[in-house]
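Take a look at these structures.
You will see chain A twice below: alongside chain B first, and alongside chain C after that.
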Partner chain A sequence: MLSNKRLVLAHFLLAFVLFGVALLLGAWQMYIRSPLHPWLSNPELYYRSLTAHGTVMGYAFPTLIAMGFGYAISQLALKQPLVGPRWAWASFFLVAGGAVVAMIPVSLGWASVLYTFYPPLIANPLFYIGVVLLVVGSWIWVALMSINLRVWKRANPGVPVPLAMFANVAGSYLWGWTAIGAALEVLLQILPVALGFKHTIDAGLSRVFFSWTLHAIVYFWLMPTYIAYYTIVPRAIGGKLYSDTMARISFILFLVVAMPIGIHHVFADPEVGAGFKFIHSAFTALVALPTLLTVFTICASVEIAGRLRGGKGIFGWLKVLPWQNPIMLAVAFSFVMLGFGGAGGLINMSYQLDTTIHNTQWITGHFHLIFGGAIVIMYFAIAYDLWPHLTGRALTDLRLMRAQLWLWFIGMIVTTFPWHWVGILGMPRRMAFFDYTSPELQPEAISVIVSAFGGFILVISGFMFLAVLARGMMTPRTQAGEYRFSVAVHPPVRVPVALNSHGLWVGLMIALTLTNYAFPIFDLAVRKDTSVPAVYVGAR
Partner chain B sequence: MASEPLFSRRNPWFVISVSLTAALVLLVAALGMILLPYAQKDIKFAGIWDAICSAAGVPTARSASAPIEPGFKTSDVVLTSGMLSHPPAESIGRGATIALQCAICHGPSGVSQAQSPNLAGQYASVVFKQLQDFKSGARVNAVMTPFAVKLSDQDMKDVAAYYAYLPRLPGYHPASDQPQPRIVINGAPLRGIAPCGSCHGRIDNKTGSPWLEGQSAVYIRTQLEMFARGDRRNDISQQMRNVARAMTPEEIQQAADYYASQSPTGIHTTMR
Partner chain C sequence: MSSEDIQSEHGHSPSALIAARIEKRWATLSVAIIVLLAAMAAFAGIHQATMPQARVETADPSTLHLSGEFIESNLGSAVEPDGSVTVRAIGQQYSFTPQCVVVPADTPVTLRATSADVVHGILIEGTNINTMLVPGYVSVMNARFKEPGDHLMPCQEFCGVGHEGMWGKVQVVDKDTFRAMSTDNRRLTCVK
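Showing the complex of A and B:
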């Protein structure tokens, strides 16, 4: 049923090639600022690399995965050919072109502002234009997902929307709305300055706009992973999804509460009132809900698989699980990393505790564990699962796949645990070099070295992953058979309209954005005394 | 199912989710905007509205008295990037005339033979800002100040344009191939010193930071010592005082000798 294989494949291939390059940059950064290497004589090189790494890993890579996976889901779950394939290709080229346009000034050192932009730092305008193209391209995808679902609904009145597509469209709406924050920042605040129409910028307002995007973007990265948890894992390990309703509730909860919480990223900023910081902190606590629901539902689904395979007793079902199956391995690793990462997140979301780790390496450790670990390892699983259907060739080397997943898991733990630790010791983030000869930093040296080795392990694993896919291109053609998503224990027959459509939840998402963001934005926008001179990077 | 209305009071999903969300918003807002401000015992509010405004981030002057002014003059120049970068040709011409008064000290071609700073090819925004500061008293120098007080704003722009237009000359400080001192290329991260080149050129150039290459070592050292002691205080937001205060005397000497030995002609800054 995958009539548009090349479209999906193009997204995945570009995503993984970019990922490979950015992975190398990441490892280089770990190495260069560790005691293994003397200080860089030009720290700008470090920030250049950091900008490229972040822009690719944060914007290009996950967006391409979500888009490619979304197109696949739309065709496979709805069992209908993709509506608007030309638009889909156009959006692909916009995203790819945007990535190239953004990367040119970055590689020339004209845009070393990091992927989070950091106004009043101002880069070459092409950098922002590239990012805007990328986002506009992804918005076309948002529209296409919505249209495909609408076409299907019209043809299938009263039938429950397949879970995978329901979740996929929820993710796309979340992205469509959350990307507006960064888009407003770039279009209203940064670009006029980058293009030279203005020379001052309201850095505080820009940061508030960015926080609108910055939290929910993580949930956009997370969506493919959660979709895989619910709709691939149970089937792949020979089980059933414990509850279709629970899954739907998790996804709509993400839609509603992932958005109005971003101000936890500016806890230390003076321009936002403490009351709003508290409100966002409280709502951030709520976002644990859908994750806890998911952990429960997936554990129950896995247990079902174990019991179907004859597992008995309280823990007996764990032993009989198909551990030689890469998907089983991936989801287990993903959960472990999600657990640790989530626990760390509790510190970040709390207004008071956050001050102890604000702007330290803890934060970098945290989001690498969640995104690079829990999320990306499931991207690998998705690719392994879909590849035979995309290429018509089987992936046969299960041992290599397992070794790859093990190494990614180990590498990520070895990288991020010491990273968290030095953060607690107070080591700041975004630094090109550290004076390890100083008695104050000496105790941190060994942790940083360990962490760098974790980075090297990740590079090995990343390239093993690319090798698995490349070797998969060379095996003889086979029939992959029909692609199937997980079946629920009680497949939905009738679903309440609220859980079969997104309108109500999108409405609540927008309403909460207004209650939680309108005043802070309005307050800063109308004040006259909040602008500071821009600092142009590499300019004179 | 298709006929079942979504946005309707008869749909329990709609009623429950909307009321739950609204209740949550109200509860959290009451906690964050009213209860928590009052929980801070050291802040006194005029009333509930005052507390809400404070929590919402509306700026208020907490103290009735006027803000405390420093006992000395600080720079009131606002520098923006790209400022004065495209002067009209007449401006340069007028500047050349004004610069005649300056030649005895700063040299006829903007390259000083005394220990005064070289100005040829200095960024226009730098020359303009320093002249403003000399005039306002934010930067004080018995020799230089009298010449600045006579200049109008337009004079300063013109003379800045003229000096920026002059070619940078190597000056009288013979270049030697000294190794770059660590304080210059790396700064001292633990003491909060960024590499000098991240503001003064070579790595990056930040608005208002002069290039230093080829200035006399005595001048550079004196300026750094003055910044460190707080005798020179015209740097905006203490950018240079924070650096100089944390430098050791050896580092000051190293930086001064190093910059003095360099030629300003080939200053490389990444261009946009």
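Showing the complex of A and C:
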């Protein structure tokens, strides 16, 4: 019942085209700073590329996936036409237009400040305006998801909200609130300076505002992946969801505790005292809980599929799983990468261990493994699963899909494992060049070369993915049949209000943000002595 | 409301109860793991293992060179009356002052540093000394270098297009050498 296919397709197509471009930039950067390439005489080109890569992969790509997937879920799970399609298109063009407006100054070299902004470096104002448009566009989507659910609830009083939509709306609220930190930074602090109304800025306050967004945005990237784990994977591999209730609890936990933990990104900073650093460290440990619950529920659901296929014994069910099915392969790879990435994450959030790896290549390795690996491989799976329903044409090339997923997995491991290793050796981030002839850096050279080859494998896999989708738009038309989400072993008949609505949890999310952020922000905002002169980059 | 209550609302099938019980066990284990992790962090923190900086101190970058502890003649390593060493340093686009920091081995060292322009970072390779330099604020870190030797000291935060060239050095010398050096100079560096 996808009455609005073109809307979903437009989001996915734009997302994956941008992804392809940013992927090439990423591989180019890995090549440039490896020993395979001599010194780049204009390092500004590297940082230009890095700004574009980060802005697309961090803001545009996952936001478009979440939006497109969200519109699909709203129609498919609620079985009702999308409410507000015109607003949805308006928001799409705001996001697309915002991406273009931001990328113009970036490609001209007027905004090489990276996607994390880093004031008092100040870029051309168009860069920030583009990002603001992108975020405002996505906020329209947040409102639409909420409205669609409300319309459905009015028509279906007392009926449990389908899990996919419950999670989707939780993800949208999380994004709506987490984007506010960076929005405050850009609107109150950066834009007045970029536009020339002010010339000083408090860099410490900016870093705290940005940390508000910087961590929970990761869980926003993760939401489509977790929704796919719970509501696509069990159905796609012929199994059932172990527990609908635990799924709801996990999504609620993400909504509540993903937010008030961002200060672990500024453990090494001088502008926040130890007390709030410790509180945020402890809350960050809490956010491991929904992931631990998810790992259990999904493994159990996959086991159910294996047992239904006749698997016996402790491990026998693993063998009989449908390994030819791309979704099965994707979720297995995703879990392996989530395991390694999650273990690394526990080190990053640790109050003490963080200092060993802070701002080293370990961190870049970590978030590429989690986001580029565990999360994005499930974006591929979502696209493979939805594509026939969006295009009315079957994806027939299963062998190519499997090869693509294998290469993505191998490429990600080859890229990120050496990346972590050189980080432990102390190799700093964001450098366009390393002098590998120096005896201290020479031991790192081989790891960086291996990592760069991993990047090239990822480019091959990424373009195979685009080829699968492109070929899927040329096969003969077929009927994709009705789209189904996973069914729980014990489907919910009645669900308590708390697990069927978001109000209480949104309230808790806001309250926890205030207790964990209000004081650090207020404390910095009232300081008179810490604003510093802006340092403008690029042509004005 | 616990997950068991919800399950039992729609039928008391034995499989549903078993499923809920296993799930509850896992959830309990998960919570225990997390509590253990947080407790370990608290324990290590209380027992003065490496700690993030505790207090917030400020320094105005536009007057750093005119007055206060970060004037040029005061940068470098200073011996304190109690025998410990305080290192004062500044990061600016795209170098540290001093570019080469000299410290004695096996001596308590306090690093006090700030930025004169944008956000920088100091990372001393082969150690866990790693802190941000945010203009307007003073970064403080306590350290003790076990053995003499040389370490690279790169800036670890993007600070502009010249970031790739911002590498300093740390020279750890034995205590006697350092004492001999400090008889002639009030502030020590290894800048040549």
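Note that the second predicted complex is superposed on the first by the 538 of 540 C-alpha atoms of A that agree within 3 Å, B and C clash if a C-alpha of one lies under 4 Å from a C-alpha of the other, contacts with A are read in each partner's own complex, and residues count from 1 in each chain.
In this text, a contact is a pair of C-beta atoms (placed from the backbone, for glycine too) under 8 Å apart; a residue touches a chain by one contact, two chains touch by 3 or more.
The structure presented is a predicted model; accordingly, all values stated were derived computationally and were not measured.
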Which superposed partner A:278 touches (first chain B, second chain C, both, neither): both
More chain A residues in contact [chain B versus chain C]: C
Touched partner set for A:352, first chain B, second chain C, both or neither: second
First (chain B), second (chain C), both or neither touched by A:296: second
First, second, both or neither for A:309, with chain B first and chain C second: neither
Touched partner set for A:242, first chain B, second chain C, both or neither: second
Touching partner for A:537 - first (chain B), second (chain C), both, neither: both
First (chain B), second (chain C), both or neither touched by A:44: both
First, second, both or neither for A:501, with chain B first and chain C second: first
Which superposed partner A:266 touches (first chain B, second chain C, both, neither): second
Common interface residues of chain A - those touching chain B in one complex and chain C in the other: 43-44, 271-274, 277-278, 282, 286, 431, 433-434, 438, 440-441, 494-496, 498-499, 523, 527, 533, 535, 537
Partner chain C, residues of chain A touching it in the complex: 43-44, 46-47, 112-114, 116, 118, 120-121, 202-204, 207, 242-243, 245-246, 249, 266-274, 277-278, 281-282, 285-286, 288-289, 292-293, 296-297, 300, 346, 350-352, 354-356, 358-360, 425-426, 428-434, 438, 440-441, 489-490, 492-496, 498-499, 523, 527, 529-533, 535, 537
Residue numbers on chain B that touch chain A, as the complex places them: 1-2, 4-7, 11, 13-14, 17-18, 21, 24-25, 28-29, 31-33, 36-37, 52, 54-59, 78-83, 123, 180, 182, 185-186, 188-190, 195, 198, 203-207, 269-272
Residue numbers on chain A that touch chain B, as the complex places them: 39, 41-44, 108-110, 122, 124, 157-158, 196, 199-200, 256, 271-279, 282-283, 286, 431, 433-435, 438, 440-441, 494-501, 503-505, 507-508, 511-512, 515, 519-520, 523, 527, 533-540
Complex contact set, residues of chain C against chain A: 1, 3, 6-7, 9-11, 13, 15-16, 19-20, 22-23, 26-27, 30-31, 33-34, 37-38, 41-42, 44-45, 49-58, 60-62, 93, 114, 117-119, 121, 123-126, 128-140, 150, 152, 154-165
